[in-house]
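Structures for review follow.
Across the two complexes that follow, subunit A remains constant while its partner is subunit B and subsequently subunit C.
For the complex of A and B:
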């Protein structure tokens, strides 16, 4: 459906915003571009839409190379972060703009308009101008306007970033529902990792103009390949490790800031000196942890520096046993321990992950 | 009590509103009063439609009226037509765009009369242009261009002087349209002409109307360009006023012309603004 091949974009001022990005999306897929502000997400979206021509690489839709085609000749519709509604046209005129431009017959045009007005719940507002609407309503007009063209691909540029938290959840659900109903391919840009995990079939984590890692949300979350991904998605404990040896069954002895631990991994570490991560919620508190005793694999005992009650869990901030300058975080559902006490917990070897090599 | 309140409000409004009313009102009252026989500087004052009848019957006034209306309409429309593409070109900054913009606005700083004299020097019978063309052998003898019958010289000067003003207004207005809005239109199949007609034009109507109206009023009341470069067989309204007063001491006759000139400015600009709105609406529908 959509194929982006090794796209590079260098702006006139010499800045390289995209450095060889590739992306594949099948019909009806929900693909998310996730990354911090300034990593090139919007630029990539604009390359797909045709507002920007890549310096190198190709974009093809349904097998046809559209790299040099103008936006008006691509089967894409963009939902802008700023909504970009036409301020001098009513809601209905905004939605009808695309079909009119593409000379859709009147009956069909009105049918689409009415169906969309119902779907986004704006019938009562169809004769209003955009600036008479709330942010959430404007967002829905933008959505309806894009869908009125029956595009094969809809490009969303941080569509929820201007909405308050409650509205965000509602519009998020609405977007997914519309996507299922219309069957379009969605390329969705966000810098919010929770949004990306909740909505997507496939996530591309971007960093400084390149794709750092891609995969299903669960894969990205449970098996990050770099510290950047581990840290950007969810909370992570990041350590530097020195590999001491292997036991022959995929278990490595690794010396880290929290002591020497066993790491169970299908893939060997990329270097003798690698970053290692684990999720705070993967820690298992040892019996009688409050007084610092316990047994088992990868038993860690560390002093509690801070304790933050979060409702469904409690976060403990600990000093790493071998190097107190490094902090560890543990999320636990038991919350008996206090600051100053020692917390004893296990990190199951299969929950520890090898990341990239430590830069020397 | 209510009366006192009303009086207080009136008193508070007086310094602002009063000044405006005095400034505008006095001019209108004076001109109209003079046209119907009052404020006579010589002879006796007294009400009379005599001057109106006399002027409206003469052909001189109507020719001036038509001529001024023609110059004002043509100049304002041409200035705006010329300013639009330039404003679009200057919409996004590029290397040298600041300089180009400044250069284009330079005529705003040159007094009209100076420009008119310069222009005459260039196009007169033994002016720079004719001499050059003869010297180059393109023409055998000089062409008569000065004070042309159709007022093209005046229109040229008006556009030269006023286009930068239209540009100033339109550039601001065009720049206020976000890239996203234009990109959205593009994304939905609007080519450059459709984008201009359906998005840029409607969103810049207020600026365009302001430019048209202000240029129209200025050009309708023109004296200096007409006096220097205008046709000799017809007077502009302002020129006619000066002539009636100067040659015949006709203050009352000049008053009639003044009232008609104000009417031209008012109705002309209302008509122009209305027509613009109508045309843009129609353009969006096509």
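For the complex of A and C:
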């Protein structure tokens, strides 16, 4: 469906926004480009839409090379971050704009309009101007306007960033529902990792113009390959480790800031000196954990520096036993322990992950 | 409460200023224009002793006012449209692009504003003679275009700056041709500016004296040259009042139209931000 091959984009001022990015999306896929600002995700979206021509590489849609085709001749429709609704046109006129430009017959145009107005629940507002609508409603008009084109690919440029948190969750669900119903391919740009995990079939984590890691959301979350990905997606404890040896069954002894731990990994570490990460929620509190002891693998005892009650869990900030300058975070559903006490917990060896080599 | 008091004081002051600067001169002009020639209006009469429209008839019948009106009202629209066309490319560049030397270009484009009209007129006249352009209408039109280009460039470049790039992109993305893009995105943002520029240049051209006088003399008259002829050596206040009313009333009407246009240029409609 959509194929982006080894695309490089260098701007006139010499800034390289994309450095050899490739992307494949099948029909009906929901692909998210995730990364901090300046990582090139929006540039890539504009290359796909046709607003930017790549310096090198190709973009093809349904097997046809469209690298040099302008946006008006591509089977893509974009949902802009600012919504970009025509302010002097009513909701209905906005939605009809695309079909009108493409000379869709009147009956068909009205049929699409009415179907979309129903789907995005805006029939009552169809004769209003955009600035009479709330942000969420404007967002839905923008979506309906894009869908009225019957595009094969819909491009989303941080569409929820101007909405408040509650509305964001709601529109997120609506976008996903419409995507399933219409069967379009979605390329979705966001810097919000929660959004990416919740919506996508496939996530590309981008950094400085290149794809750092790609895969299903579960894979990105549970098996990050670099500290950047581990840190950017959710919360992570990042450690530096020295590999001491392997026991022959895929268990490695690693010396880290929180002591010597066992790491169960299918893949060997990439170097003797390697970053190791684990998720705060993977810690298992030892019995009688406050001031307690315990037995078992990877038992860590660390002083509690801060305790942050979060409702469904409590976050403990701890000093790493071997190097107190390094903080550890543990999410637990038991709330008993206090600052100044010692927390004892296990990190199961299969929850520790080898990341990239430690830069020397 | 406090703010209310301040507002009320300001309104009173504003009304006072309006009366002093606008209503009194305007009323005086009307009164002077209807003074009957048979009996002079002099101290200590508060109002003219006898009033009639004799002055109006007199000015209309015995001066070149009819020709001057035709000249002025063909010249001004021609100047307005030509200036608009000339200003558009520059305004587009200033409003839509970043380029080296942009500030210099902006300042340079405003330069004719600071040079006195007579200075431009005198040298324009010799330049046009050297170029062999003897047509008075064309000469004055050209001169007015130079003189009023800064207004048009300034207004239009602001308008071009208001055109939102995301709307242009959205229109393209939805398959709009260049013409459809202009119609859907550019024109709604440009319209108030285009009309404002047309009216301002029109009014300026109607009222301009120095260039019209120097380039047009002796036989090409405009309304201001007639007006000035009543002010110089053969000073006739009543006739001058008649001509200035003829000159000013249509302009005031146009200013009111302009005011409405600028008001209808609701920023929320252009920018989408309420």
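Note that in this section the second predicted complex is superposed on the first by the 359 of 360 C-alpha atoms of A that agree within 3 Å, B and C clash if a C-alpha of one lies under 4 Å from a C-alpha of the other, contacts with A are read in each partner's own complex, and residues count from 1 in each chain.
As a convention for this text, contacts are C-beta pairs under 8 Å (C-beta built on N, C-alpha and C of every residue); 3 or more make two chains touch, one makes a residue touch a chain.
Since the model is a prediction, treat every value here as computed from it, not as a measurement.
After superposition onto subunit A, the modelled positions of subunit B and subunit C overlap sterically. Touch criterion not met for A:13: it reaches neither subunit B nor subunit C. Look at A:107: by the touch rule set out above, it reaches neither subunit B nor subunit C.
By the document's definition of touching, both partners, subunit B and subunit C, reach A:49.
Of the two partner chains, subunit C is the only one touched by A:130; subunit B is not. On subunit A, the surface patch touched by subunit B in one complex and by subunit C in the other comprises residues 49, 51, 70-72, 76-78, 80, 82, 84-88, 97-98, 101-102, 145, 149. Residues 49-51, 70-72, 76-78, 80-82, 84-88, 97-98, 101-102, 145, 149 of subunit A are the ones that touch subunit B when the two sit in their complex. Subunit A makes touch with subunit C in their complex at residues 49, 51, 70-73, 76-78, 80, 82-89, 97-98, 101-102, 129-131, 145, 149. The touching residues of subunit B, counted against subunit A in their complex, run 178, 180-181, 183-191, 194, 198-199, 202-203. Listed in rising order, the residues of subunit C touching subunit A in the complex are 164, 166-167, 169-177, 180, 184-185, 188, 268-274.
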